[in-house]
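One structure is given below, represented as structure tokens, and several questions about it will come after.
Per-chain residue numbering starts at 1, and chain names A, B, C, D, E, F and G are given in the order in which the chains are listed.
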Amino acid sequence: MTGIRRLVLDVLKPHHPSIVELSTVLSVLPGVHGVNLSLYEVDQQTETVKITVEGENLDYEEIKQSIENLGAVVHSIDEIAAGKRLVEEVQTLQER
Amino acid sequence: MTGIRRLVLDVLKPHHPSIVELSTVLSVLPGVHGVNLSLYEVDQQTETVKITVEGENLDYEEIKQSIENLGAVVHSIDEIAAGKRLVEEVQTLQER
Amino acid sequence: MTGIRRLVLDVLKPHHPSIVELSTVLSVLPGVHGVNLSLYEVDQQTETVKITVEGENLDYEEIKQSIENLGAVVHSIDEIAAGKRLVEEVQTLQER
Amino acid sequence: MTGIRRLVLDVLKPHHPSIVELSTVLSVLPGVHGVNLSLYEVDQQTETVKITVEGENLDYEEIKQSIENLGAVVHSIDEIAAGKRLVEEVQTLQER
Amino acid sequence: MTGIRRLVLDVLKPHHPSIVELSTVLSVLPGVHGVNLSLYEVDQQTETVKITVEGENLDYEEIKQSIENLGAVVHSIDEIAAGKRLVEEVQTLQER
Amino acid sequence: MTGIRRLVLDVLKPHHPSIVELSTVLSVLPGVHGVNLSLYEVDQQTETVKITVEGENLDYEEIKQSIENLGAVVHSIDEIAAGKRLVEEVQTLQER
Amino acid sequence: MTGIRRLVLDVLKPHHPSIVELSTVLSVLPGVHGVNLSLYEVDQQTETVKITVEGENLDYEEIKQSIENLGAVVHSIDEIAAGKRLVEEVQTLQER
């Protein structure tokens, strides 16, 4: 079984709905095993959140649509893992 | 079984009741497996505490209400994990 | 079984009795599985010690009383964990 | 069974197709167990991506061709592991 | 079974007898499972050594006496663990 | 069974043949379980590569010869492990 | 069974014989399970090497003699572990 196993998204959202609601919506999408939402930065009207979604055969378009339905925007996909098993990014010699 | 599995809260509280009492109250709420309260900063009248709650089907509103009942205030939800399993936040390449 | 599972205390003590004696007294209190005493700082008359107590159903008042009986003072409770299992503090995105 | 078990590639690509599409294409190539694509840097027309491919008997030429077919370019191979088992790079004394 | 399980000592010693001899003497004391001696600093006449002793029911007075019998002095007890199991020092939020 | 279990080599090579070819050649030498080649630095005509070879009874002369046959040069052996089991380098107190 | 289980030595040696030869000689001494030789620094006539020897009942005098027989000198014993089990050095609160 191939397909997307992890997505790490940089998301800008209004303060409402809260990340509690957003986490609940995302955690029940097809293929999702779990989500983690972590607060990067809080501004007056908005907050930036890092969303990690893990599962099998994740549907990026559906996840993105669910985020937008709650008034938030995906700024970038910072990491994606796909395949028969989850491969972690490897820190290389030049990056140390 | 989906639902919230971890909440990390930034909480401002008066010195009394102590974090001993607060930990005891939070640890027996429905769905809670355990709590960790760590002191960030101590001021003359107040202290800032980081509260990590882990369990299954955590009820954020009830946890928040219990905190407020003891005279404390939730400043922000810094991290939330939900779903069939606990997903950790992944450090991305750009954050190193 | 709920109750306190870990206490991390910041303690000021005279040089005598030594941390050997203090560790022996604390390690046999009810519910205590083990203690760790680590030296922070040594001054002319006093020393600051970080005391980590782990166990089940720890009784903070009794632990505090035992510390005071040996002439030492608890400055602050820096961390407390309670519940059915020991939950560790989670480092958040904003703290890195 | 020998052969390449890991490739870490530094890749320059246009914004489209997205890394979602690229990850899907690479994850189904022969021998590939999984891929991880992490964003290094985003410019106006292009983005730099670090691609980690793990599997058995990886065919570098085919992987490179698939990347180029999507309009991207391999800048460098930053790490490669081959053999009967995956050997990690060892940090040496002089590098610390 | 309670008692001391770990002692970390800061010790000043002459160059002779060597840490080879000191390690051999300490490793056979009652209750000792093992010792680790690490060199901090070397001066003209003396050297400072960090001694970690682990075991069960360690007898600090006997260990100290053995160290003094070889012409060395215990400057401070930097860490002590006691109880039914070895508890590690926990790094707190304020120390990071 | 004794013999060399790990070699970490600092190697200067021309851009061609690539590290893909070099990894393939080294991974099938007698005793080799696996190799890792990581890029240190790229210059106009040459590149510096760190080669980690792991296995049993590694033959350094044969490995060196294979590297030289591909037009590359071993600058230094940065680490070597030998014996009945692989022993890692231990970071000492003075190095921290 | 007590005795020395680990020795970490700071050794100055001429470029020849190489660390390949030195590792082979040390790895077959009585009680030695394995050795790790890591290069610290290279000078015109000499090189400084960190030698980690692990095993049971290690004979420091014999190890030192073998090193000297190859024209090298032990500058210092940086770490030694002895006893029924290998005890690691513990990083203390004051060292962080």
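Going forward, a contact is a pair of C-beta atoms (placed from the backbone, for glycine too) under 8 Å apart; a residue touches a chain by one contact, two chains touch by 3 or more.
All values reported here derive from a predicted model rather than from experimental measurement.
S.K.: Going by more than half of the contact pairs matching by residue number, which of B-C, B-E or B-D reproduces the interface of C-E?
M.R.: Match found for C-E within B-C, B-E or B-D: B-C.
S.K.: Roughly how far is chain A from chain D, centre to centre by C-alpha average, rounded to an integer in Å?
M.R.: Going by mean C-alpha positions, chain A sits 22 Å from chain D.
S.K.: From the C-alpha centre of chain C to that of chain F, how far is it in Å?
M.R.: Centres of chain C and chain F (C-alpha means) sit 49 Å apart.
S.K.: Which chain E residues sit where two or more other chains touch them?
M.R.: If we look for residues of chain E contacting two or more partner chains, we find 38-39, 50, 78-79, 89, 92-94.
S.K.: How do the chains pair up in terms of touching? List each pair.
M.R.: Those chain pairs which touch are A-B, A-C, A-D, A-F, B-C, B-D, B-E, C-E, C-G, D-F, D-G, E-F, E-G, F-G.
S.K.: Please name which positions on chain D make contact with chain B in the complex.
M.R.: 38-41, 50
S.K.: Which part of chain A faces chain B closely enough to touch in the complex?
M.R.: Contacts found on chain A: 6, 8, 18-20, 23-24, 26-28, 32-39, 42, 50, 52-54, 78-79, 89, 91, 95.
S.K.: Using the touch rule from the top, collect the residues of chain D that touch chain G in their complex.
M.R.: Touch residues, chain D against chain G: 92-94.
S.K.: State the interface residues of chain F toward chain G in the complex, per the touch definition above.
M.R.: 2-5, 60, 76-90, 92-94, 96
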